[in-house]
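Chain lettering (A, B, C, D, E, F, G and H) follows the sequence in which the chains are written, and residue indices restart at 1 in each chain.
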Amino acid sequence: DYAKLDTTRKERTGFAEVVYCARKADEHLLNIYQKLYKEDGEVFGTRASQHQYELVKSVLPQVVYDPVSGILKIEKEKEHIGKVTVCTAGTADISVAEEAAQTAEYFGTHVERIYDVGVSGMHRLFSRLDTIQDANCVVAVAGMEGALASVMGGLVKRPVIAVPTSVGYGASFHGLSALLTMINSCANGIAVVNIDNGYGAGYLATQINRLAEGK
Amino acid sequence: DYAKLDTTRKERTGFAEVVYCARKADEHLLNIYQKLYKEDGEVFGTRASQHQYELVKSVLPQVVYDPVSGILKIEKEKEHIGKVTVCTAGTADISVAEEAAQTAEYFGTHVERIYDVGVSGMHRLFSRLDTIQDANCVVAVAGMEGALASVMGGLVKRPVIAVPTSVGYGASFHGLSALLTMINSCANGIAVVNIDNGYGAGYLATQINRLAEGK
Amino acid sequence: DYAKLDTTRKERTGFAEVVYCARKADEHLLNIYQKLYKEDGEVFGTRASQHQYELVKSVLPQVVYDPVSGILKIEKEKEHIGKVTVCTAGTADISVAEEAAQTAEYFGTHVERIYDVGVSGMHRLFSRLDTIQDANCVVAVAGMEGALASVMGGLVKRPVIAVPTSVGYGASFHGLSALLTMINSCANGIAVVNIDNGYGAGYLATQINRLAEGK
Amino acid sequence: DYAKLDTTRKERTGFAEVVYCARKADEHLLNIYQKLYKEDGEVFGTRASQHQYELVKSVLPQVVYDPVSGILKIEKEKEHIGKVTVCTAGTADISVAEEAAQTAEYFGTHVERIYDVGVSGMHRLFSRLDTIQDANCVVAVAGMEGALASVMGGLVKRPVIAVPTSVGYGASFHGLSALLTMINSCANGIAVVNIDNGYGAGYLATQINRLAEGK
Amino acid sequence: DYAKLDTTRKERTGFAEVVYCARKADEHLLNIYQKLYKEDGEVFGTRASQHQYELVKSVLPQVVYDPVSGILKIEKEKEHIGKVTVCTAGTADISVAEEAAQTAEYFGTHVERIYDVGVSGMHRLFSRLDTIQDANCVVAVAGMEGALASVMGGLVKRPVIAVPTSVGYGASFHGLSALLTMINSCANGIAVVNIDNGYGAGYLATQINRLAEGK
Amino acid sequence: DYAKLDTTRKERTGFAEVVYCARKADEHLLNIYQKLYKEDGEVFGTRASQHQYELVKSVLPQVVYDPVSGILKIEKEKEHIGKVTVCTAGTADISVAEEAAQTAEYFGTHVERIYDVGVSGMHRLFSRLDTIQDANCVVAVAGMEGALASVMGGLVKRPVIAVPTSVGYGASFHGLSALLTMINSCANGIAVVNIDNGYGAGYLATQINRLAEGK
Amino acid sequence: DYAKLDTTRKERTGFAEVVYCARKADEHLLNIYQKLYKEDGEVFGTRASQHQYELVKSVLPQVVYDPVSGILKIEKEKEHIGKVTVCTAGTADISVAEEAAQTAEYFGTHVERIYDVGVSGMHRLFSRLDTIQDANCVVAVAGMEGALASVMGGLVKRPVIAVPTSVGYGASFHGLSALLTMINSCANGIAVVNIDNGYGAGYLATQINRLAEGK
Amino acid sequence: DYAKLDTTRKERTGFAEVVYCARKADEHLLNIYQKLYKEDGEVFGTRASQHQYELVKSVLPQVVYDPVSGILKIEKEKEHIGKVTVCTAGTADISVAEEAAQTAEYFGTHVERIYDVGVSGMHRLFSRLDTIQDANCVVAVAGMEGALASVMGGLVKRPVIAVPTSVGYGASFHGLSALLTMINSCANGIAVVNIDNGYGAGYLATQINRLAEGK
């Protein structure tokens, strides 16, 4: 058997293993979903295709698939603590934002969403300032030039997790432009993750939220 | 004699020749300043060094040097028409902004300056909105992540000329980050020029200002 | 509902909202087209596919689709003022040029087209010099090495909006080569937009044209 | 007066203004140090040179300079709460690490340092695991291939702030290599900041530490 | 006939010709497989498709295809000497690792495999240290940030052959991130080959293994 | 003795060895100049510094130094055959153009120079068309956006050797922009050499000129 | 009608117009082939698809298609003068080499082909040295690391036209690696064209061959 | 005390600690040299400056400095086993080659040097073929286009360690060109290390040489 289960992960890091579905062979994927479901009573995967949904559903019929984010999960009832606000610049960034939001929720975080508030129409952002400023941290998801993170950084006391996305064309170079923008932000308190890495942002947001809630 | 005077330039383009002082040999520079001054009664150079100032001053004592922008000029009294607003994100961008502002002024444009209004403290920008919104065009000068241009673009009816600067370090890659930000702006009406090219911005601003004033 | 209508945009910027069709879900696209058409009696979208055309046509049968530029629109009769000239270097650049030209026309600009006048056969460009020199601004669309913008810049008094395209292969790196050429132009008065961003060029051209026509 | 004091910053963000000394003119620097000292009774600057130290010392003799980190400060006695651990891969990364550590301390964070524990000799890191695992967050500072952050991420429950440095040569491309490593980390909970941006890491660590301490 | 058989290769280099199947025309591929099989009684190809498998099978029915690595071979019984250990960071790196392992085996090397021991869960690697430390050389296959090679380098006396893979997304830039990590490794004794070049790693490992075994 | 004299080079290639002076140790340089002068009665070096000039002059007083091109030579009287035209876009490109021109002359080529005829003022180029069109080949030297080569290519029957230069700033990236322009030229018959490689252009021009003159 | 026929091209440059088939609409392609065939009695196109072949064949049944090079042509009997040798490093480079060879032949050049003589087996190249050394120029076509051009340059008196190809994977970055190799060649007399630009190489080779043959 | 001595390194890896002198503070450097000398009776540092030589000499007068390679060492008499051949393409690559050669010698390897045998004059290399083919491994050091490694790879049975150097200008991009060449080599058995990393090559060569000699 090729893959090694990282059995002490939850102990070491406080987070259960999450399945990265992309590129996984059908048989391998089925195995993992069944194994993790059996162990934990729940299982959470990212970047799943419609085909993978149907595959897993045939053995775990209660599995739920969200085609926007590509998340494929069986989720237990749980309490959601604290508050993390997830924002996007445009509507095309929502798929990445949902990966972040649902990851955080799976790990027990209370999430609020504010989408399509990019800097070319700043009044949309300002009308939601309260919801942004009282979160334990903010996730700013943006492609193209990615300026949303800098503007956020200047408005809040708490960390801003910046997720560059591959939304854009031409010189956006598949997210490089937004990544550089966010890494070079003139605002402070900006934590950058990989292009389109909603999962990583949701994880980091959960870590910060847990600290804030004394967990 | 190596260099060719572009004698029909003013006719063709409406702008007199400007001296790019960087890399010019002393003798060559002196020649050009004397020649252009004789022809036009004024002369304007960019990217001049302190040494070049002293050199030119020895033969044209009325020459004026601005060490911040590197501009070395003898300027006739002239009318300044219309209105162009030049903004910067930080104080380190001012040298480029001054190159833009003084170039535009040399070509007969009325210029207003609003400096140090970067997006990490947006209230500074909003308190000057009137001066920004009634200009014929706005020049936005910013390094690091260069988000200023996008924010401007969402606030004004008129063109925004975006000048990325080499201010920053690390992954700013000498202005590449700000350049990509500005080229990928989610806002509309953003005209981008080269990194640190205040001269080009002042020239373009003058072209637009002249059109707006019916010249 | 995810997307936020930027309802004050026309007031703030003087331009109605335009639909970026690429990546939009069918249902979402239909919604937006119907909503905007209802509000304004016209609607304009870029980067639409044949499939999207048929979709929208099923509910708005008067919609018109141009497969060359990917524009999908219902357009009211309107006056076209001033003059903007749109040029291309080759025939493959025409799709981007049409995006620029039709965007400008939608916003009320009078446009003239001069296509396939690249610098490897300069006589083609020179034979149309009059039409180029009396425009309020020129849009130069070129891929590969993108030299057209520089040549234009030396011939006209008015701004040149340079649009690099992804036309080319090998070291054109999907438009990067043309973008760098245009940003580094030795000619003055060159305003650069993103690779393949015909829409942005048409918008900027309209801003300049309006100023020139006293609007 | 060029620069705009961002007077509401502390209110908005919870952090006082910090001086970025690099590129500042002498007169300008003196002004700022005096003004901020007068207001707050303390002042903190980064990237200061020996010359700037002597300059400021001539008017504020109590100023303290650390040539390793380039920090120039007058610091009030204050309580240091919580715990942040700052690690480096090599000794050459210490200048950046000290910028991070002293920034965090200035903002009231208790900091522990573990330097020269790079992944080519992992036992050094493992011998300090306790100090790493009970921090509210860890700052991992590394140049060259920057693998330290990934290893850390697999060992702790709390966020890891990853600071790529420009230490290295050849294909390290002035920190690009370490930046890419950290952004692509296979470990979770990695928050990346700009190359050599110790200040940004110290700021972010303080935000997280405050949340953890209920501030 | 286009292709030139490198008939003295085995003499010069000690290795028989291997077929690079990708991009080869059907007829050409059949020819080569038949020719090499006739000469050597065995034949080995990399990057073969399912289609190519079926093609070759129709004339050489004993051919064996491994869809994971893309290897298509007829292999004689042979002795496998020495010891090379092939490791991967994740499960997605296994296709490249198998190319390396099977290449080495084809050339007579004894190979051990340790897969899915990436640095985010270091205990998995440490539990296999013996098998790693007594190999003549180690092949470390990793995508994303590629930190596995550096960690290995610090643990063994023998050369580590580092194979960056294109596994990852966003700023992994199709393996560039892992390549830079490995080239800049702070550990010593790291020999880097091209992205996804399992073949090259297996070849190099064989050369080293042969030297160690006195061949 | 470290360096190996390539004694059969002239036979093999038709060209004597040329000295690349940059980075050479004093003693080493002196040796080479004396040796080559003794053998051939002439010697030609590129990229020499003022210091190297004085050094060589102390033992070979007849040596001649051109600080513009950095060429340091003792040249025999010789016939100059055929015709090569060397053009530059700006005055700053002249140092590279002189390296090309003097290299070609040293190898027996008749050279004509046309400098400062960049594409922003095309009339300057057109007024010299005859001299350009009857050359055996044309060398086009240009920095910034490097459009000169494309325009040339459309005007002549003979090969154009394109030399990108590092003249420019910002996004010229030390000549990368001009290099990409020239490699992607829409005109035909463009042979590109390395950035600032006047020597290589002069060599290639000589090869072509010799063929044209039946040598 | 969009496209402009460059009717004076043959006069100006000595070469008839060639069709770049890629991306051309069916109707447009048919038009051009018919027009050019009518004018010249022959027509030559590059980068044509099987579909385009069938299309053109339906109206011009005598058209000939080579699927390896993608050339689609009707060619008159003509004399082939002089000698150009076209070499490739591997078999995958042959498609680009054939584009070069057939272009040169179409323009009246006598061509010899030497394929699959890459530098990893130098004896293959050396056994053909005579054919290489008596050509008027050599075209060296190579992907991956592209070292063939440098080796050639050291062996011949005449110009080497270097064509980097996109053959390779991983860090070959679609031909960038071979392009950089060739541009930086330590050998002299190397003229580089764009990645995969066989056409450009065949054109340049013809220009040089004509000069050598006194045309 | 900042730096951590990696005291178990020799045990773990078989190699003593080597000093990387660049960037080290004087006091720190002195400390390390004295400590290591005391422990081992010898000490070896790379990238040392003339100033550092004089510094160390003042306390350890027997220290020896080689300004070409920057190596600063006190070396015990020792046996040198096996055979490694170090080659360079040009004379400017010798500084890196010496770092490799002397590192290998310090670790007990017998080294032969063959310098200035670049591929533009292949006869120089072929005349030394015996010395190259009977080494346990070959180190190929080359800048500019770095083709030497590929040619070597095709000629030998044993591993080739390829060291790209920063020698070159323009599009060599400080060694990137040579690095890509070597990583993409069409020859097999090429192990690449970082740009200018002679030390790493010497280390790796020693590992291979030891295996070959049964150590």
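Heads up, the rule we're going with is that a residue touches a chain if its C-beta (ideal position, glycine included) is under 8 Å from a C-beta of that chain, and two chains touch if they have at least 3 such contacts.
Please read all numbers here as calculations on a predicted model, not as lab measurements.
Asker: Taking shared residue numbers divided by all residue numbers at the interface, is the value for chain E and chain H over half (same) or under half (different)?
Answerer: Here the answer is same, because the shared fraction of interface numbers exceeds one half.
Asker: Would you mind checking which chain's C-alpha centre is most distant from the centre of chain D?
Answerer: Between chain D and every other chain, the largest centroid distance is to G.
Asker: Quick check: more C-beta contact pairs at C-F or at B-F?
Answerer: Of C-F and B-F, it is C-F that has more C-beta pairs in contact.
Asker: Thinking of G-H, which of E-H, C-F or B-F forms a repeat of its interface, with over half the contact pairs identical?
Answerer: Matching pair: C-F.
Asker: Could you grab the centroid distance between chain A and chain D? Build each centroid from C-alpha atoms only and quote it in angstrom.
Answerer: About 27 Å separates the centre of chain A from that of chain D.
Asker: On a C-alpha centroid basis, what's the spacing between chain A and chain E, in Å?
Answerer: 35
Asker: Return the distance between the CA-based centres of chain E and chain F, expressed in whole Å.
Answerer: That pair's centroid distance is 46 Å.
Asker: Taking the mean of the C-alpha atoms as each chain's centre, how many Å separate chain C from chain H?
Answerer: Chain centroid spacing, chain C to chain H, equals 56 Å.
Asker: Can you list the chain E residues in contact with two or more other chains?
Answerer: Counting only residues that touch two or more other chains, chain E contributes 12, 120-121, 154-155, 170-172, 176, 179, 183-184, 188, 194.
Asker: Each pair of chains that touch: what are they?
Answerer: Result of the pairwise touch check is A-B, A-C, A-D, A-E, B-C, B-D, B-F, C-F, C-G, D-E, D-H, E-G, E-H, F-G, F-H, G-H.
Asker: Note which residues of chain G are touching chain F in the complex, please.
Answerer: 12-15, 136-137, 154-159, 161, 179, 183-184, 188-194, 200, 203-204, 207-208, 211-212, 214
Asker: Tell me, which parts of chain B touch chain A in their complex?
Answerer: Residue list for chain B touching chain A: 89-90, 118-122, 144-147, 150-151, 153-155, 168, 170-173, 176-178, 180-188.
Asker: Please output the residues of chain E touching chain G within their complex, sorted ascending.
Answerer: 2-4, 6, 8-9, 12, 22-24, 28, 164, 166, 174-176, 179, 194-197
Asker: Can you check the complex and tell me which residues of chain E touch chain A?
Answerer: Touch list, chain E to chain A: 91-92, 94, 115-117, 120-121, 123-124, 167, 169-172.
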